[in-house]
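Below are two complexes that have subunit A in common, paired first with subunit B and then with subunit C.
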Partner chain A sequence: MQDVLNATTLGSIYLLFALGMALVWGTIGILNFAHGATFMFAAFIGHLVTARVELPLLGVIAVAVLVGALISVLTQLLAFQPILKRAKNRHAAELRILIAGIGVAAIPLAIAQRQTRSTPFGLRSSYSPQVYEVFGLRITTTAIIIIVLGLVIGIGMTLWLRRSRHGLALRALGVDAETSAGMGVNRTTLAFGTMAVAGGLAGLAGALLTLQLGAIAPETGDQLIIKAFAIIVLGGLGSMAGTVIGAYVLAGAETLVLVMNWGTWVDAVSFGLIFLILLARPQGLLGRKEVRRT
Partner chain B sequence: MSTWYAMNVVLVQTTLTTLLLALSIQVPLRFGVFSFAGVGAFGIGGYGSAIAMVHLGWSTWPAVAFGAVVAGLVVFLLGLVVQRLTGLYMGMATIAFTLIVSVLAVNGGDLTGGAMGLYGALGEISVLQILLVVLLVVALLHLTELGGMGRRVDAVRDDPELANALGVDVVRYRQFSFLVSGLIGGLAGAITTLLRSTITPAEVNFHLVILALTAIVVGGSRSWVGALIGAVIFVWLPTWIGFLAEWERVAYGVIVAVAAIYLPLGVLGVAKDLWHRFRTREERARVAALAKES
Partner chain C sequence: MNRGRMRTNVLAGLAVAAVFTTAACGGNDGGDNGGASGDNGDGGIAETITIAQVQDQTGPVSYAGVGAKEGAELAIEEINEEGFLGDGVTIEMEELDTGGEIERAASEMNKAMADPNVSAIIGPTQSQQAATVAPLVGRGEVPTVFTQAGSEGVVVNDWTFRATPPMESYYEPALDYLEEQGAETVSVLYNATFPTFALLGEDDVPAMAEERGLEVVQSLAVQMTTQDFAGQSQQIARENPDAVVMLLIAPQSVTAMKQLGTAGYEGQVSATSVQAAGNIAAAGDAANGLIYPVPYSTAMEAEGSVAFTEAFEEKFGKDANPYNADGYDAMWWIARAIEASGDSSREGIREGLEQVASEGYSGAMGDVTFEGNDARVPGALVRWEDGAETLVQ
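For the complex of A and B:
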């Protein structure tokens, strides 16, 4: 049972991280490879700030969310927007965006590695987690916050994308960007908004994971990118509900591997999943059939 | 000359092996396949040759050939499996493949030496021999850039439907590009490993993907000359500029992002553009002069 609880906490972190990436990729069609670096750097700035001033829990989280959103918007403004403007066709733009994302991701990673000498860093806050025991299960307040936030934001995002007008506009962009732009959807504004939300979620995930583990290494973001990709592919591109399910499935599978004492194989789970899903069911569990744009 | 050579022999070696690694990613790109499997092949080739030397007691060049052939075969089989994927999906599946190679190496027990890697595979390789291998590879690749073959490869990349209609077997060409990528990547890995006498799983990581990609993106992705320019820039630049050595990785990131945004065809593309413009102007002047005379 304790393992199930751990898997749920891990899954919620994955979910918060992957939701932003899935939102951006599924709607405005950008696979943001700098998402992992955004996640890490938001936590890193939080680390620098809290090293000077002690902040309450909400303050730490607010710093991380704001920094995440800021980095994400800057990436869009300085890298992705110019590429979209200059590229001749979608296919060429996709590859250049991926490469630019890899380049952008290297910058904050290198800065953080230099500052910390590649050692893990943590967050200082006036908040101290309590440990509860319910039915013999140990759970910290941090874990409760992570699980609740993960579920609320995950389900909220799914509903918002399905019900609201903005959600409709975003989904329309994901299906056919040109037609929806012709129908009055402001693509540029929505792109910036989406990137800001995604970056904020990355920052949130960064702060929460750091609080949960005590410290994270600068390279954590790189590993999460591949995992988030596995989650999105598993759930199906463009489907938020699929992302929610994918996050918990991956976390469950990884926890299972850990419990079975095959610890060194944990990373192979996500890599293997990417392979299996892409080969067997490329549209994912809940994805639309026509989602694969070439 | 000889003192300069003695001082920089390691850099010369690194330039040549980096060139091979960059070529292993560039070849599939030239065929329109976004594959990073060459870096996985680097790992397979390195481990293959080290295993042949350490466990089987083979001599240097048979071990290198063994590593390269195994890598070529594995990547070719991978190509058969993933050939239906396109664009980003192909890119991520091959990145997953590369990282799986590293996980397998960690879990390989005595055969691969686990997380510590394999030691004591010191081959006898002179710079002249590497140079000959590189020249052979480059000469063969140059043939695919000339005349009818070059135009067919361009068509396979830029317009696969058109290529198909013209009777070019796109699928066969792309499978072939996987085989070549695997062989070259394997060669790069085998030579690098036997020069250094060790290989560890941590070497086959995401950073290697970035290095290879950087060299191509900056140099130019359409010709082996571009890969050569990129390899030279990235191996020698830090030694020329002390400032860069300190901020090497930050500079990598900035350069990759800027190149992806503003120079999609790399330094070579810019040079060709300028040359073309210069020629056109000269030609126009000549025609104008002729017109005046008559």
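For the complex of A and C:
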């Protein structure tokens, strides 16, 4: 049972990180490879702030969320939006957006590496995690927060996208941006709003993951972004519920490999499993097969 | 899957590959060094001697390269100010950033070797980079002193030297300490994709433990990408060995120390010199009591170590760390080599490095001896307590 609990915690960490990326990719169609750098830099700014002023947990989270949202909006304003405006069509913009995301990511990474010399950095907070032992299972308050927030935000976002008017508008953009714009959906406003939410989620993940792990390094975001990418593809692009399931499937596979003490095979087995699933369901676990009229 | 979505996924795959290969920005402030003599082989000492430092100034292990740079700068200042190589003779250093990438390390090494003004090179700190460029060094015939780079395949020909002793050569005091404390069982938690730790975790530590009658009850391998250690920590806590030998890179060590505590493990943890330079500080109180052997510590009392510690603190206003000591000793080794051979050409420096190595020297890391071209030091076992290192032995 402890291993199940560990897998749930790890899955929730992946989920918090992947949610923002999945939201942006699945709705406004932007595969944002600066998401990892946003996550890291939000935590890094939190580190700089808390090195001077000790903050409570909510204060640390607020700083990281605001910084994450700001970076994400700036990325949209200065990089993605100009590319979308100049591109002849959406397909032409895709590759440029990918490269722009990687380029944008290099800037905060270089700043953090230079400032920290790539040594780990943490967050100073008056919050002190407690360890609970229930029926022989050990869990920290930080892990509980991560699990609860991951599930609440993941499920909440799924329902919001399915049932609210704004959610419907966002999903419409993901299906056909031109047609939905013609029906009154303001793509630019929604894009900025979506990027702000995604950046805020990256910041939230940055703060909570740093508190959970004790410290992260400037390169931590790069490692997570590969896993997030796999989770989104596994779950099915455009399906937030799929992202939730994908995160826990990946974490479960990794934990299983660890329990078997095949630690160096974690990535090979986990990604191999994803590959097998995608062979059977190319659209992902909850992705829908699209029908295109000819 | 429609063509548009497939196209998106193909592009995304390309982007994944690109993320792995994206280089961080790097600096190169090499300058003109007129009058310098790199490979003229005329048997004299040039007025200006250029040493290239080809190490990570950016990237995930930049703390080692930047640390070595600071140590080397201090050494150059001392060498030039005291006229160690004669009146008017100065050493200059040209920095070339390897950016944490093997291919960039090879490229920058080729650039340095092709520059006739470069007399010697301080080579990459990462084992993979160093092992890649070591054969190039042999073909290019440029004396190269590596720092860190503790794996096999680095000191492989007459032109390769290593100023930092391999970790396994000074790890025994940690096992001695565990034995003295009455430990009987040990778990090994190691990063199997980091060559130095793989060697130590799979071969050296089990052998050292066996020699001392310690039983290795667990051996848990992780990858470079492992970030969460909750599962491994729980496994260790369940086994409850008397001690844990933890061979992990800097951010992993912080997390593992925190999560071992959370899992309820209360035994002794022994780590590596990677935890020096304050790399474990982010673990806070969870790191208290951690022990690790180091080739250099500010707590060391050898004459050369104390002199270096004080000079570094005066120049940079902060405590020195083992990476600073690496660069300092490497640069002084090169200077001593030039003095010994009376020749600042590449061949002269190579001969001088061998000569100095045969005699040993006293440096920041204490009394340094050599096995061939490879440094050996007694090292020191230190304990991390409330943000500072203290000598255990």
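Going forward, the second predicted complex is superposed on the first by the 278 of 294 C-alpha atoms of A that agree within 3 Å, B and C clash if a C-alpha of one lies under 4 Å from a C-alpha of the other, contacts with A are read in each partner's own complex, and residues count from 1 in each chain.
Throughout what follows, contacts are C-beta pairs under 8 Å (C-beta built on N, C-alpha and C of every residue); 3 or more make two chains touch, one makes a residue touch a chain.
This structure is a prediction, so every number in the text was calculated from the model and none was measured.
Student: Subunit A superposed: clash or fit between subunit B and subunit C?
Tutor: By the criteria stated at the top, subunit C and subunit B clash after superposition.
Student: In the superposed arrangement, which partner chain does A:A217 touch: subunit B (first), subunit C (second), both, or neither?
Tutor: second
Student: Contacts for A:I13 in the overlay, against subunit B (first) and subunit C (second): which applies, first, second, both or neither?
Tutor: In the superposed model, A:I13 contacts subunit C only, not subunit B.
Student: Which holds for A:Y132: it touches subunit B only (first), subunit C only (second), both, or neither?
Tutor: Neither partner.
Student: First (subunit B), second (subunit C), both or neither: which does A:G263 touch?
Tutor: second
Student: Would you sort A:S118 into first (subunit B), second (subunit C), both or neither based on which partner it touches?
Tutor: Second partner only.
Student: On the A-aligned overlay, A:L98 touches which partner chain: subunit B = first, subunit C = second, or both, or neither?
Tutor: Both partners, subunit B and subunit C.
Student: First (subunit B), second (subunit C), both or neither: which does A:P282 touch?
Tutor: In the superposition, A:P282 touches subunit B and subunit C alike.
Student: Once the two complexes are aligned on chain A, which partner has more residues of subunit A within touching range, subunit B or subunit C?
Tutor: Larger number of subunit A residues touched: C.
Student: Mind checking 92-100, 128-136 or 290-298? I need the stretch of subunit C that runs into subunit B in the superposition.
Tutor: 128-136
Student: Overlap the subunit B and subunit C contact sets on subunit A and report the shared residues.
Tutor: Dual-contact residues (subunit A): 31, 91, 94-95, 98-99, 102, 105-106, 109-110, 113-114, 222, 226, 229, 233, 264, 267, 282, 292.
Student: Which of the residues in subunit A end up touching subunit B in this complex?
Tutor: It is residues 31, 79, 82-83, 86-87, 91-92, 94-100, 102-107, 109-111, 113-114, 222, 226, 229-230, 233, 264-265, 267-268, 270-272, 274-275, 278-279, 282, 292, 294 of subunit A that touch subunit B.
Student: Across the complex, what residues on subunit C touch subunit A?
Tutor: Going by the criterion above, the answer is residues 1-2, 4-5, 7-9, 11-12, 14-16, 18-19, 22, 24-25, 58-63, 66-67, 192-193, 219-223, 225-228, 230-232, 234-235, 250-251, 254-255, 257-259, 262-264, 277-279, 282-284, 286.
Student: Write out the stretch or stretches of subunit A touching subunit C in their complex.
Tutor: For this pair, the touching residues of subunit A are 2-3, 6, 9-10, 13, 29, 31, 33, 91, 94-95, 98-99, 101-102, 105-106, 109-110, 113-114, 117-122, 129, 131, 138, 140, 143, 212-220, 222-226, 229, 233, 237, 255, 258-259, 261, 263-264, 266-267, 282-283, 289-290, 292.
Student: Which of the residues in subunit B end up touching subunit A in this complex?
Tutor: For subunit B paired with subunit A, touching residues are 34, 81-82, 84-89, 91-93, 95-97, 99-100, 103-104, 106-107, 115, 206, 209-210, 213-214, 217, 247-250, 252-262, 264.
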